[in-house]
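Below, subunit A partners subunit B and then partners subunit C, in two separate complexes.
What follows is the complex of A and B.
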């Protein structure tokens, strides 16, 4: 690192990098640590992994989470794609409302939204459980998905669809072969992103789960509240690897969408968090 | 998108036959029914009352719920929330700024690597990231032992205090601050730095006249993305606060999950929203001023 050129920023940045990575490394290391109080290195073990593997709560939690994540991402994509199709034809004023509601869904503290939806479901006697969680996740997930799909839609030239129609394609065929296939990389990226966000969610799930099985993050939260156990480190490392893999796939799909080369890839990686 | 009218819309409505309303319907259901209406509902019920025996909620026009949390206990929690989110947002802004500036001054290859180093921790499971700090901060944990080798007597006693919550929030939200600031700093042409230096600007003056004005839009975006969710944070205080009700998010959650005092909970939620809207309004006002520079 070029400390001479940046005598202040370089060492501080190194410390910040350390700050960001040390906790993750500690989780990884402790997942193989024989010491239960984790006061130091006691020796190598895979015991915590087998403990996690045989934990019934963790297993059902994982299954529940996967069901919710898949359902919510499919639903979010449906909302985002139809929304983007509408957005193309909408008036500027209607677009502003639409975009404002996307912003609101992303920015509002989740606990406020989750309690409000919980209260509505209670009032209309909609039973809490998996369906309720899926709906809850879809509310904010569809907002993220909409941003990604919309960005791609904006760069889609209507002339392509007109050409398809001129060449005799039925509206449905033109939509499928031109519009949908042009949007596909964004749809896949948005779907993967929605999947990880849902997979990772605690707050909405806590409020909307009712008496049904808890999703994995809620199971982990319960375990953490109960006591500190290295088993959580093992589960944690596996969950980390899983989500990083999915997110990397999302970025790769999104990046290959535009043939912009390296600069484009970096830009698009950031677009997802703007 | 070409402006409407420039290109005849005759082809696009091929779908328009299905009518635009049908396309809007999914979004309408999800945002209106599941987002706007619930928020409206709690806004209305924040003026209601609850029967303490059977937990039935009655709608009445009372401001009692808002009076209630002006009691010392709740006001204290609310004040602590505001203070915690303000201080962590500011620390985030300072650290995020330093790091984003450093990245932006690197050669392209190093920039890519550093960005990945920022984004990967951000991608890892939220709950695991937060839990990691329990491992790190607990007495007899790595930091505690490190402090002892430095000569501290006793323990650090940070875990399950507002400090551990602040560290957790700072940690979780830092990437969200770094990325937008980086995006705005990246736009500075390197030639601009050279020009400033050639014209005799001191490093401090370069920083004040070149770096800072460019960073403002990113800083504001970062402050919004970090400060707003931090104020309503629920999971981090839950894990690093040790079950004590330390922040507004937890107080709010308790009203719905534990005590069943929905009107009071609603009043809390509405108050959080009002504070946030005020914050957003002020930051919006700050934005055009920044663009003029």
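What follows is the complex of A and C.
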């Protein structure tokens, strides 16, 4: 029997989609609503956006988040690219161990890593704060970056660097003009993905922030704890748009990376979302 | 005497316990189309990679154009390679792939444009300059690889089974084009393949390798008609073998007592003493099968005949000699399976290979 043609299938799918999207739509609509209690439509305003823009906590939170996201993305890329370079020449056994460690970082709950790092940092007297959060984000972000970069690396002909050397390129030139350049779409995609994941992270940040400034998602969490204001909606919509933009860019770059290589598709079976 | 384009002197290559190439002495003349053939694992690709500089010989010396290449890295050698997988840079278009070597050599912009255009027209890829390699067919990719390797005007062009990934028709076309190209540019080509037909159709000389050893070097005709070993005889084509012993003779023509047939005149390498055990090789196209029985002895029964267009191959069973193969023009009537035929060959179409004493 064809499940897609079942009479319940279409209405059910519609309901599910509704449940997924209605809250987001409500957030979007209410961000322009003059009514503070959000019980109905009171008229159009951009007041909440201006309020959010001038909220010092939000500003500090955004700045903190951006610093953490950029730093952890760069670190993740460094780990992913150097790892992929090693991986290419590693023995099958070493590769299996390395791949296992990557998947472990993706599969294990984030809260486990966050708790573990929290206790580790306490034990070694490493002060919690920005640096701790960056390290925490890099732990799992580098796993996603590694998968994307490695998929591209696997699709590259190992003879490419020999071909470059054959044509007169020194090892450094061959690496830069061939390996790194050919990996670039995947590196950019991985970087954007890592950036997005770090940008909206709450769990690791809460555990590791200590007494330092909170990143934006934690700030938002703190704000709704007391009172939900339309200002939150405005911030929510902006964060949503920003995240979607970055993710779309990542997907586009990833698609480019895939179409360039022979086995580029290998990576697309892995979920892009957490 | 001119300096050889490539000179391998006592070259040996080991990978751990495995000996990939054993004491190889080989000279390739400038401007020559030279092929190294052999089954996979015979050391031919390793040899090529030692000339390119991707492998260092364990012993011996590789020289290119009279220059000792010991310790010279690949990017400093006057040779270029066409890789089996082509190894085109996927992120660069055809123009930049071809220009790669010139950019590394820091050639000026105007000259890059001119030389890339020249190379691209040489391989007939005008109009595809902006295409990425993945947009090209196998044959076109192969031509990009050729243009890219030739643009630095190497002393020697190394080709590692470049036609292996192409289909038969394209392969035949490319063989002609490669030969023409080599004549046009005048660069020494060193070509590695496991396909002896491919090597024969293009090469001035071929080297046959087996298990890391050089078995024979010579013109395609030499190797085919005057094989130096049983391995060569079998590798370069179908061979009918007859066991025998030299009765007398010298300087290349011998009287051989062939088991089950009797005394025959056979050509062979000079200087073999009487009594030497030999194998007499007769190529199928030189073995004539006539339907009527003639006087001189050798008869056989037709097992079957297979028609291949230009030729017809007939499998035969001869008493005491095992299975034999004869090939003749495809025209005319095929012999019926089970019918008796008599076999003959001309004396100068038989070639003997010494097997020493006791070897089968």
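Quick note on the criterion: the second predicted complex is superposed on the first by the 252 of 274 C-alpha atoms of A that agree within 3 Å, B and C clash if a C-alpha of one lies under 4 Å from a C-alpha of the other, contacts with A are read in each partner's own complex, and residues count from 1 in each chain.
Just so it is clear, a residue touches a chain if its C-beta (ideal position, glycine included) is under 8 Å from a C-beta of that chain, and two chains touch if they have at least 3 such contacts.
Because the structure is predicted, anything quoted here is derived from the model rather than measured.
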### Task
Evaluate whether subunit B and subunit C can sit on subunit A together after superposition, giving fit or clash.
fit
### Task
Give one of first, second, both or neither to describe whether A:139 is in contact with subunit B, with subunit C, with both, or with none.
first
### Query
With subunit A's C-alpha centre as vertex, what's the angle to subunit B and subunit C, nearest 10 degrees?
100
### Query
Thinking of the overlay built on chain A, is A:184 touched by subunit B (first), by subunit C (second), by both, or by neither?
second
### Message
By the touch definition at the top of the document, which applies to A:127: first (subunit B), second (subunit C), both, or neither?
### Response
neither
### Message
Tell me the contact category for A:165 with respect to subunit B and subunit C: first, second, both or neither.
### Response
both
### Task
Determine, under the contact definition given at the top, whether A:239 touches first (subunit B), second (subunit C), both, or neither.
first
### Query
After superposition on the shared chain, which partner residues are touched by A:173: those of subunit B (first), subunit C (second), both, or neither?
second
### Query
When both complexes are superposed, which of subunit B and subunit C contacts more residues belonging to subunit A?
B
#### Entry: Least Cα gap, in Å, left between subunit B and subunit C after the two complexes are fitted on chain A
6
### subunit B and subunit C footprints on subunit A, overlapping residues
159, 162, 165, 174, 262
### Message
Which residues of subunit A touch subunit B once you look at their complex with the stated criterion?
### Response
5-6, 8-10, 12-13, 16-17, 19-24, 26-27, 30, 37-40, 78-79, 82-83, 85-86, 88-91, 98, 101, 104-105, 107-113, 115-120, 122-123, 135-136, 138-139, 142, 146, 154, 158-159, 161-162, 165, 171, 174-175, 196, 200, 202-203, 206-207, 217, 220-221, 224-225, 228, 232-233, 235-237, 239-240, 243-244, 247, 262, 266, 269-270, 273-274
### Message
Show me the residue ranges of subunit C that touch subunit A in the complex, using the header's touch definition.
### Response
52-54, 73-76, 79-81, 83-85, 87-92, 100-101, 104-105, 132, 134, 148-149, 152
### Complex interface listing, subunit B residues touching subunit A
1-2, 4, 7, 9, 11-17, 20, 23-27, 30-31, 34-39, 41-42, 45, 95, 98-99, 101-103, 105, 108, 111-112, 114-115, 117-121, 123-129, 131-136, 138, 140-142, 145, 171, 174-176, 179-180, 182-183, 221, 224-225, 228-229, 231-235, 238-239, 243, 249, 252-253, 255-257, 262, 265-266, 269, 272-273, 276, 280
### Message
Show me the residue ranges of subunit A that touch subunit C in the complex, using the header's touch definition.
### Response
156-157, 159-160, 162-170, 173-174, 177-178, 181-182, 184, 259-262
